[in-house]
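Common to both upcoming complexes is subunit A, partnered first by subunit B, then by subunit C.
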Partner chain A sequence: MAALRTTRRVVQRARLAAFVERLCARDVCSRSPGEPEVKAAGISKPQFMDKEVQNILGRITGLNLEKVFKPMKQQLKPPQYKLLTDEQLDGARHEAMEVAKERLRMPPVLDEREAICDVLAEDKILAGLETAKYVFTDITYDMPHRERFIVVREPNGVLRKATWDERDRMIQVYFPRDGRRIIPPPIFQDENLLVVFAQERFEDILDLCLVQFEPNSADYIRVHHQTYEYIDKHNKYDLLRSTRHFGGLVWYLSNRMRIDGLLIDMIQRDLMDDAVSVVQLYHMLHPECQSANETNVQQAKGIELIKVFSHTDSKKGSYLELALQVYQEAISSSADQDAQRKEQN
Partner chain B sequence: MVHLSLNLLKYYHRGFVCIRFALGGCTNRPFYKIVAAHNKRARDGKYLEQLGSYDPMPNIFNEKLVSLNLDRVKYWLGCGAQMTKPVSKLLGLSGFFPLHPMTVTGAERFHKEQALKAQAASQEEPTSVSEDEQPIA
Partner chain C sequence: MAAAALAASGWRRLRLQLLQLQLRVAPLVARALLSAGPQWRTRQPIPQPFSTAADQATFDTISRFKERPWEYLESEEYIERYGSQPVWADYRRNHKGAIPPQKTRKTCIRGDKISGNPCPICRDPKIEVDHRNVKLLEQFICSHTGIPYHPTRTGVCMKQFKKLTTAIQDAKDNGLLRFAVPRVEVRLEDYCGSHAAVGKTPPPARVGDEPWYSWYQWQQPPEKEIARIRQMYKPFLKETPTAAAAPSETAGLPK
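What follows is the complex of A and B.
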């Protein structure tokens, strides 16, 4: 009897997990992304979850296996040694890349959710009877958390729907999620964030933020924006490269037209293709800007694209041109050295 | 598990299913489970199903947390379960049921008492003021 009950629960949970995943995927795709301005109807603005945008961002993020699989705090297990043929080794490497891609899946970028202020009933008779509020949560198992009924009866007799903070707290009490705290830890306050930034632990704080908050909550957006601002101000783009947060960083900067620092950093690290992709993404997002028009006129590709951008729309045009010059000199000098060595040989 | 049919319960055992509070917690710290149980069972004894919980002590946000599995509550009500007064009052406060008449009556009595106290307090003030004046005069 008990075994039947447990198997029923297991099957229910599995079905629920699959159901919730499908619902999340559906809901994420139908939401609009986080952008500062809304375009007029008629021009379809590229969204964060578009295939092209995701391709570009995925390419830029890079796949540094050493960084993705860097040692994490885990239970101490003795290392496993396997004897593999070349083909099996390739297969294992391929699997590792698949797992790395799964870990690099970008979290969604959504607009901030609107506050709930729905009053269901006002019973003035109950005013003053109680000193504390009652929070009623519906704990029906087969229900997505977004549609759950969570109502609050205030001491003044008003029955209202719970605010987003109260909702998150109640759902965490009755349906706890691993790693999430009921009260957000004080590390997410502004003063403490500065300490974290000074220690340059952007990846850790963004991972914590992802676990603790919903993607469309005010706190999540605030923490992410502050992190991106700090990274942009201090040119620490490399710390987020090859993590799942890099796509969000690039999307944020491109929307606010501040990709100069990022481009300079990429050129200095010889990532020319990534830099070109970033400029292409910028043109996709702002099709009526000057550099986009110039590019269409001249049909520029590759380094030409970046040169056009540095002449027209960039704020640090001079620095960008300088970086490009240095890069081209480095290429030409290395080409000369190769030619000399070939002559000697 | 086999739920005894309503007729067997009603006519043979004179019993019925009840949705009520089962007390838990420890000294000076009550905690109630909202539970569907046969009415003849002990208050904290074997129950058919737990339908929720009620914490009467307010937390740091001054909230009393109540959880209700409304899907199952509807099932048991459909099966003919009875509710006790405190559970009915709680469901009335939540909005699932209309307000319990005793909640309204209790509120009216409370407000009447408050009005009487206020009146008594306001009547005491003039008399206390006049008492104060006498020694000076």
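What follows is the complex of A and C.
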């Protein structure tokens, strides 16, 4: 097709001119994309896909097998019964844990992709001949979608690269993915999202988002941010615990320095180790904050860490201290009860 | 002997039944024959009050439920008629034999005429299939599997079944109806945007007002070409070649 030939020629010319620039760009992309802010001192900010970060987030997410293997509404089959020895049962449980860990693998958190607005040719001789735009898609089978040329010829003769929305639609038309619709369903519009949030179906909407959009698209990021904001506002953290979206939620809140609600929720559910891990992640992401400096000075660990945080950087410091007090009282009273029982015995 | 007696008694019963039927039918037939003339003369005028509260109430509810059909499912009228069961629970299709035809009728209402034994949705004009009244839609979906029931089970006509399926899909699309989201594996692809197909391609260098293609503008042809064509058409050129060389060239060739 002449349009694709023109595209290739223009692009080849640009390639020869911009060879060095592309090398530099490739270096940037070889690092894991996320929030690539390189600090002046030369220490780069931890990314979402770093091993330490993933370890912390994995530990915080938890592994509630009941929730991970929750029964789903589907075509019913007759139940299967198996007779297992103790060892076989342990092996089956171990396999279930492995499958659950695979299911809890977190989807990537990326920056929003830059809009495409490149004009390749302006053929005024074609202006006014057609009434509709023509979209030319390269449908070579063995080609990654990000290298696929998709160009649009407008009725005024301009040949431009397709925008990201147009690209996604065309790729879905020629290379359909299971469950993905060509035009995104209206559930992702703001008013319908509110209805879904009122029904508390956060996991459902985030899964639908994963099915429909690419992780670096504007809609994906918008829906995720709106979900996290709603959860933070209404303290519904537990609904995402033990799902693959909990890591993303904690990462979002830690980056925006709003981990108070999350910490209070964790302390109230007696997850002190998780709370400490969250504060550690916060210090990793913001090493220059007051709380991090105080911790380094005092060499605090465990509950002390959370106390230091509540005194310094926390926005709901009073609530956090209250929750810590209640927790400590509960521990001490249970310790007293145990001591009394031992004396009686 | 017994068989003959039985047969005889059977015949007697039949005859008795026929006589009874004739007695019942006779006055009807007589009335019909008497009133064979124009119906409007013999019919008595039915005394109707000008407007009652009952009429106003029915008019209000029908128009109200047209705009907000989900309100009908909360009303007393609905609870009295259906209770807590789905609307299709007490409906029974009429068909020959034990196994029903696998397709229900095409539609219950054609124009103004309603068929006999209309389906559970068509028989109640206040029930409206809309993607917003989720309570009604949920009655037609199995609560264990999440799959809509087949029309042979609920008894609805095919037209209403199509409306139901589209309404169920619309409700799921707008987030009003819960459904099980299919699980998609997380693909760890390279989301780099450095390839020329999706990255920045600087436009080709152009100086100011230059046209996109050089041939968009008038270009002076090379002198060799002009000389060659002049040589070719020498016998047809009107002016003398030496006297008016420059002006004639520019005049003849297109601008």
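Keep this in mind: the second predicted complex is superposed on the first by the 304 of 345 C-alpha atoms of A that agree within 3 Å, B and C clash if a C-alpha of one lies under 4 Å from a C-alpha of the other, contacts with A are read in each partner's own complex, and residues count from 1 in each chain.
In this text, contacts are C-beta pairs under 8 Å (C-beta built on N, C-alpha and C of every residue); 3 or more make two chains touch, one makes a residue touch a chain.
For clarity, every value in this text was computed on a predicted model and none was experimentally measured.
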Contacts of A:Leu120 with subunit B and subunit C, given as first, second, both or neither: both
Which of subunit B and subunit C A:His286 touches, first, second, both or neither: neither
Subunit B versus subunit C as contact partner of A:Phe149, first or second or both or neither: both
Which of subunit B and subunit C A:Val173 touches, first, second, both or neither: first
Residue contacts with subunit A in the superposition, subunit B compared against subunit C: C
Contacts of A:Lys316 with subunit B and subunit C, given as first, second, both or neither: neither
Which of subunit B and subunit C A:Asn216 touches, first, second, both or neither: second
Touching partner for A:Lys45 - first (subunit B), second (subunit C), both, neither: neither
Contacts of A:Lys133 with subunit B and subunit C, given as first, second, both or neither: first
Residues of subunit A that lie at the interface with subunit B and also at the interface with subunit C: 120-121, 123, 125, 149
Subunit B-touching residues of subunit A, taken from the complex the two chains share: 1, 120-121, 123, 125-126, 128-129, 131-142, 149, 151-153, 159, 166, 169-170, 173-174
Touching residues on subunit A, where the partner in the complex is subunit C: 10-11, 13-15, 17-18, 22, 25-26, 28-29, 33, 72-76, 103, 105-108, 110, 113-114, 116, 118-125, 144, 146-150, 161, 167, 178-179, 185-187, 192-193, 195-196, 199, 201, 204-205, 207-208, 210-211, 214-216, 244
Interfacial residue positions of subunit C with respect to subunit A in the complex: 144-147, 173-176, 178-184, 186, 188-204, 212-213, 216
Touching residues on subunit B, where the partner in the complex is subunit A: 1, 52, 58, 61-72, 90, 93-96, 99, 103-104, 106-108, 110-111, 114
